[in-house]
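The structure follows.
A, B, C and D label the chains in the order they appear, each numbered from 1.
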Amino acid sequence: MRVTVHLWSYFRDLAGTARLEIELPVGSSIAQLLDAVYRVQPKLAGLRKSTLIAVGVDYQRADYPLQPGDEVSLFPPVQGG
Amino acid sequence: MKRLLLLTTDPIDEPALVAARQMGAGMGAAISFSGVVRGSEAGAPISAIAYEAFGAMAEHQFHQLFDQLAARWPTVESLRLVHRLGVVKVNEASLWVEVVAPHRGEAFAACQWLIDEMKRVVPIWKKPVPNEPVGRAVSPPARDEF
Amino acid sequence: MKRLLLLTTDPIDEPALVAARQMGAGMGAAISFSGVVRGSEAGAPISAIAYEAFGAMAEHQFHQLFDQLAARWPTVESLRLVHRLGVVKVNEASLWVEVVAPHRGEAFAACQWLIDEMKRVVPIWKKPVPNEPVGRAVSPPARDEF
Amino acid sequence: MRVTVHLWSYFRDLAGTARLEIELPVGSSIAQLLDAVYRVQPKLAGLRKSTLIAVGVDYQRADYPLQPGDEVSLFPPVQGG
């Protein structure tokens, strides 16, 4: 299945792109998506522990089961205000 | 609970927002917070901060916080929040929050809680815009400065 | 610490006060509190509250509190307080307080502390002005209503 | 010695006057002044426990030694804001 990954803030700068398309086996979790992302974007791997993850507009955890067509966002800690 | 949420690249016109405040006859307290860009970041002088948001998620997360606030402080009559995006110069407001409630206790508590939670979950990020050295030509920041 | 203290029978013009705010480049937070007359007092509807002050002592006590606030929160750059006296109608502000500081933590703490202390030591008293029953002629309250 | 007493808020209403002149022995304390005030204004005596006392513009306690010409204020709990 195909999942779209959006990168925000300095994650986008580090990756040199705001968007990745990742092919994954059906039934993959967010944790498995991250492994696939870090294979193509190794600079992001060191930030894994501080990475926030959303599917659509809601935060999700690493064990969240992805569906085909999901829009996943990865970003650093937020800093509004 | 009445609510206003505005994410905008326009300057925050706080006097106009205050002038537009409406309070029911049972309301006795209005707290407002204005968050303003300071002239330095991590010890280095800056000229501005560039704010970036994941807009759709930011709005969704703000409204979830508003729902939680209304549940925790059911007497709060009105909540208004404006967050500025894009380049905000030193001494300009990046955030304005107002809480109207019957008494100051719940107004202060709700206002502080909302700002703390916002800084935890609302996807907005900032990037300092460094001070240009005196005498150097000032060029607009490149797109990736935002 | 810059300070403004005003005890006045004039309405509090909060938008004008906000528009006049000046913040140094190190300041990141402005908290303001507006205390507004509610439409009932002890369960009974009222039309206004009449505020009386022992003026000289009130000013002295306010300035003592301002000194204490400056000592406890030395980063507070500016403190402004306006307390209205005389008859203040329902929905009008009787008190406006603003604290400007580098960060919101000390601004919130100082503002709440000041209001709590004011209510403990500053000699100002209030007297509810009852609602006139509908259809009865409304006469101004007698002097001893204040 | 003569001491001026100012009454504020509903203390003034209860007493029917905003001002009393009280003659006291030299060296009297605030507590002795209150006794003298309550002899001429018995309605105020029941409020003694909640009475706030200032000399000039500063709060003082019951053992404060009064001076001739002192301006004393008596008032109920304050209610600003």
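The definition used in the following text is that a residue touches a chain if its C-beta (ideal position, glycine included) is under 8 Å from a C-beta of that chain, and two chains touch if they have at least 3 such contacts.
The shown structure was predicted, so the numbers you read here are calculated from the model rather than taken from an experiment.
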item: Shortest path length from chain A to chain C (each step joins two touching chains); value: 2
item: Chain centre separation in whole Å, for chain D relative to chain B (CA means); value: 50
item: Geometric centre distance via CA averages, chain D-chain C, whole Å; value: 27
item: Computed distance of Cα centres, chain C from chain B, in Å; value: 25
item: Centroid spacing, where centroids are CA-atom means, of chain A and chain D in whole angstrom; value: 73
item: Residues of chain B whose C-beta touches two or more other chains; value: 35, 115
item: Set of all touching chain pairs, with the criterion as stated earlier; value: A-B, B-C, C-D
item: Parts of chain C lying in touch with chain B, wherever the complex brings them together; value: 14-16, 18-19, 23, 25-40, 90-91, 102, 104, 107-108, 111-112, 115
item: Footprint of chain D on chain C - complex, ascending; value: 35, 51-54, 56-58, 60-61, 83, 94-95, 115, 118-127, 144
item: Residues of chain D touching chain C in the complex; value: 6, 8-10, 13, 52, 54, 56-59, 73, 75-76, 78-81
